[in-house]
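After this come two complexes, each holding subunit A, first together with subunit B and then together with subunit C.
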Partner chain A sequence: MLFRSRLQLLLLMSPATLLLAMLTLYPISQILINAFSYVDYVGAERQFVGLDNFVELSEDWFFAGAIKNSLSFSVLASLLQVGLGLALAVLFDRQFAGRRFALPVIIYPMMLSTLVCSAIWRAWYHYDFGFLNNALLSLGLEPVQWLFDPDMALFSVMLVDIWQWTPMAFLIILAGLQSIPADIKDAALTDGARGWRRFRHITLPLIMPQVLLALLLRSIDTFKLFDKVYALTGGGPGNSTETLSLFIYKQGFKFFNLGLASAAALLMLTIACALSAVYAWRYVGAKS
Partner chain B sequence: MSAIKQTSVPVFSDSVAAPFSGVSRLSARTLGFYLALGAALTFFALPIVWMAGIAFTPSGEYVSDSLSLLPAHPTLAHFEALWRDGFPGRLANTLIVAVGATLLALSLGFLASYALVRFRFPRRLDHAFLLLVLVIKMMPPIVVAIPLFQLLKGLGLLDSKLGLILVYQVYTLPFCIWMLLSFVRDVPLSLEQAASLEGAGLLRRLWHIVLPLCGPGLAATFIFTLIMAWNEFLFALLYLSTPSHFTLPLYVSNFITENETFWGQLMGIGLLSSLPMLLMAGYVQRYLLRGFAMQMK
Partner chain C sequence: MLSRSALSLALTASLTLSAAGATAADLVIAGRDGIYGQALEATVARYKDTHPDMDIELLKLPYGSLYEKLVISLREKSGAYDLVLLDDTWATEFMGNGWLANLEEQGKITGDFIGATLDISRYPVAQGPAYSLPIVGNVAMFAYNQALFDQYGLSKPANWDAVKVAAKTISAKNPDTSGVVFRGQKGNPIVTGFLPLFWAHGGVIVDDSGQPQVNSTQGVQALESFLELKQYAPKGIEVYNSTEVRDAIQQRKAAIAIEVWPSWAPSMDDPSQSKVVQEMQVMAAPGQVNGSSPMLGVWQMGVTADAKHDKAARDFLDYLTSAENQKTLALELGLPPTRRSVYTDKDVVAKYRWYPNQLEALEHGKARPRIKQWNEVESILGDYLQLAMIGQMDARTALDQANRKIDRALKR
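This part shows the complex of A and B:
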């Protein structure tokens, strides 16, 4: 028996629906209008300009760099996090002394504010006094310009993201590993499947949905990257760590270029939706 | 290292040893396992241990000897400086905004997820609603940041706690609905049917049956949402302008970008602002696994 009262349904659903509509549907409609307009911020006037904003974006090498950085960061960081998370999950999919204490230690970083993470790592990356360069020097190696070398900076930001969010991929995959029924594991053992072969042909196919889910959640999250570049590099040196979020932030809140920022936001929303649609489709496919 | 190995080998071999494997091979595998575990623990824990150490290290000492993790002469000077600098006020701001946003999301999300599980929707509107929730979860928040700025300005809620509580629903409400959906599904329908036959109305069923049975789920969702709101940075950066209104992540960012050399104070804030979350991490870890298992359904 499902309840049918329309009045009660309306009362239950309307607060959440109205709030979400106000906070997302209204803003998205504004973005749609502004993306095709010239917006005079001071006079609060709007003028339809067709595709001008998109043409301007396509000629903006900062925007091209931001798309490239956001996409490559998203692909590389999420693959590394899921790979490391998978290895960690296999490590933790057994009983050992101290497991109860090791697990919370591994997941601490994801409880921290991104800004706190960035603060720690900014200190670690310091060229003269940083922990990492001190460690390199004590091993007799050359110090590294972690945040000020244009070829290095994006990877340094990525390392912080890997440190903070690999635990999430780890937890998702561990949940999958622990839901494999014991009799399947036993059957594989009696068949003589061991080590890498057992992992490759029995375990991995069974946890594929979780691996894909972790990949989906992490790639969408890394695609949004803002806090870490804001705190660690500000997008520099040059535009080597400029991301789409940072580009929209600068256009909208520093240069008050609302039309251009809206056009970029619309493109970013499209990419994010396409990304999640591809994965959702693959994920559903893997499930059935 | 050897002490760890000796005490742990029996436990490990009890559970995993296969009857055919030789003793030497087993101990090599055990050693490899503990080496990998040790490397992982070091990578994830070392930065946090370092942060705690620096927070108690007098200014000037961490420059000369930065590979040591514990301070030679521990001091509380950084915490005293923070206390005078207005840390308590920022802590109170964060607490009010995070708890407020969490309670709002939890109550609206609870009503909505109850309706989604128990009510028949006209024209499959429930599917449309769930799709909207999913899209919002995937949407980069910067996309809606500019219109939300104008919305808050129009409502006169810029630079206020209430405004921040409102816009945080972009993150917290979809998350709460998604989490609570599966907890409400676990409540047996038969209990509600029986109560309904005895004449219990919607509010009484919600209050006396569904709410108590969802208790653990509500608690877990509360904690996750609280962590999310506690750590939020982007909207706080965009919509707060008066320093005394700042939340902790924004306060931290000011220290990073402007006073890079005050590491002691910076790590002090880091430690203080994350301590409540770290304490909760141990408590919520069993819910974490369950939460992720449910997201897959």
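This part shows the complex of A and C:
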């Protein structure tokens, strides 16, 4: 037994627990209080207003749009990143010529700063001078309004996120694939399981915890999307790429409407917790 | 024994060094990045020639970050900054909250500052004492390509209807050049592009009683004109910001820019960057129902109320705004001055041929509403202008909804 008594264990854990509590519980409690208050940031005054902030949010067309954008971005981007990551991991789980060189190239975008990524892609997306439209024109195709077509802009931002973060899903799943014991693979081969059948019935169930972990991490991250939207579109055109994080940032730090920003942050936290709970529940199920 | 002595020596040395590092500067300036940062840096270097022992710390921050840092620091009375650079739209909030020192209590304001630029340094505006001094004489100008106008028999636009006709004509006759270009990105860019047109049509954002009036008949007419101009603008105008507007003008991809800032103008005549050298005419934006209403975008600098080095700050501010320094900054960096004498200086006019027009625009310049919530009002208006621009709402609906939301923001 590592610790002699329960008291010793509690004493040793208490500093870290207290610090963690201070760093998380204090801001959350402030958000809870502010969400039901009108906060005068300059005068440092707070007035209880009940559900007024939530009522204002429910009537705000831009807030509804921000929820829709954040949810659709999170679900679509994380599924695509994990799907592509899985395909790449299966490919890289076997030896082939050039594997050693291809691996660093694939994970390279993940190492770039998001603002650098966004600057690169903003240049590529330029309607007149961008690399992508020039490539399309050279193939005899029509140029695309990547960032200024309201129906296209969110997908263009998503493409940048997929480019940057698919490597993360890929690495997590590759680690899972490489941890499958060789004797299980051999046994499956001996029993005649090959190709798709072996992948579907042997490999996939064994790496499901890693797939769900990648999905959980990417969903949380994509749901919080801020930097790429800020750098690529500023939330436009219209409100087609405005996300919850951007909405909260504007209310909290541009206009210092702390009550409204806190109410929006509380709703965002609730949605994020619900999303995470679904994945966590499935993850525990897959592990067991 | 030797190692213990060496350790003590090292510890003492490191403590002394850290204490020296922690010593506060003699003057801390919170400024912007880009050309404003370069101007402040150059001025600090010159000022240090006569104040060699002075330690001046200059922070060069991006626009959004500067505002956030200033609000948090000044609200907390942290005394972190002695001199602060501020956009004129922040002035009402900063001065009204008592965050800036009354400069006239420190000493008299002297010099030939252009009236409209100094008026917005006062609180209440144009009447009270000055809490800041105008540093950058920014004013939204209007530019058109004289060569293209001559080619298609068009004359200098006298009003916004003439601008629409010219834009339509050039777009129809020249497939390589759009009639007009402006900043269409939501938020501050689209609003600053729209305001000269809105004001010229007689629109008012907030009336004298503090009520929002963006959805007046004049406001809707202005937005309809703005949307008509969009037909003659390049594709993707909805995300155009300053870089794209400058590129379009310099590469002759657009004939008219309804919003040109003084710092953009010199590159139009620079053959290494521009295909339209000496072709662009830069002037005050035309009028319509009202006369020309160029938008002021003056950058000011004030001494903070909690400054630890207020005397040094004021001395530096006087040096920064002196006619001699403004002339040097104009010639070296193209920074627009705020003193009348610099605009009429023969060396400066020889380098910047549009300066007489710029002085006229500054003298008739119109400031954005003096309300504490301008940031939020501008953002709301920008959101709805863009919804109208991408066709998700018509002009009337967009401005009605914007007005309702602005009303709520003003009452908060």
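Here are a few things to note about the model shown:
One rule holds for everything that comes next: the second predicted complex is superposed on the first by the 266 of 288 C-alpha atoms of A that agree within 3 Å, B and C clash if a C-alpha of one lies under 4 Å from a C-alpha of the other, contacts with A are read in each partner's own complex, and residues count from 1 in each chain.
To be clear about the criterion, contacts are C-beta pairs under 8 Å (C-beta built on N, C-alpha and C of every residue); 3 or more make two chains touch, one makes a residue touch a chain.
Because the structure is predicted, anything quoted here is derived from the model rather than measured.
A simple residue count on subunit A separates subunit B from subunit C, and the partner touching more is B. In the superposition on chain A, A:94 contacts subunit B only, with no contact to subunit C. Touch criterion not met for A:72: it reaches neither subunit B nor subunit C. Contacts of A:189 after superposition: subunit B is touched, whereas subunit C is not reached. When the two complexes are overlaid on their common chain A, residue A:253 makes contact with subunit B and with subunit C alike.
Residue contacts after overlaying the shared chain place A:147 against subunit C, while subunit B stays out of touching range. Shared-chain residue A:237: touches subunit C; no touch with subunit B. Touched by subunit B in one complex and by subunit C in the other are residues 234, 253 of subunit A. On the side of subunit A, the complex with subunit C involves touching residues 38, 41-42, 44, 56, 61-62, 127-128, 145, 147-148, 150, 233-240, 250, 253-257. Against subunit A, in their complex, subunit C makes its touches with residues 64, 67-68, 71, 75, 97, 185-187, 234-239, 253, 373, 375-376, 379, 383, 386-387, 389-390, 392, 401, 408-409, 412. Those residues of subunit A lying in contact with subunit B across their complex are 1-6, 8-9, 12-13, 15-17, 19-20, 22-28, 30-31, 34, 87-88, 91, 94-98, 102-109, 111-124, 129-131, 134-135, 138, 163, 167, 171-172, 174-176, 178-179, 189, 194, 209-210, 213, 220, 223-224, 226-227, 230-231, 234, 244-245, 248-249, 252-253, 258, 261-262, 265-266, 268-269, 272-273, 275-276.
Looking at the complex, you find that subunit B touches subunit A at residues 7-8, 11-12, 15-16, 18, 33, 36-37, 40-41, 43-45, 47-48, 50-51, 54, 62-63, 66-67, 108-109, 111-112, 114-115, 118-122, 129, 132-136, 138-151, 166-167, 169-170, 173-174, 177, 189, 193, 202, 227, 230-231, 233-234, 237-238, 248-250, 252-253, 255-257, 260, 263, 266-267, 269-270, 273-274, 277-278, 280-282, 285, 288-290, 292-293, 295-296.
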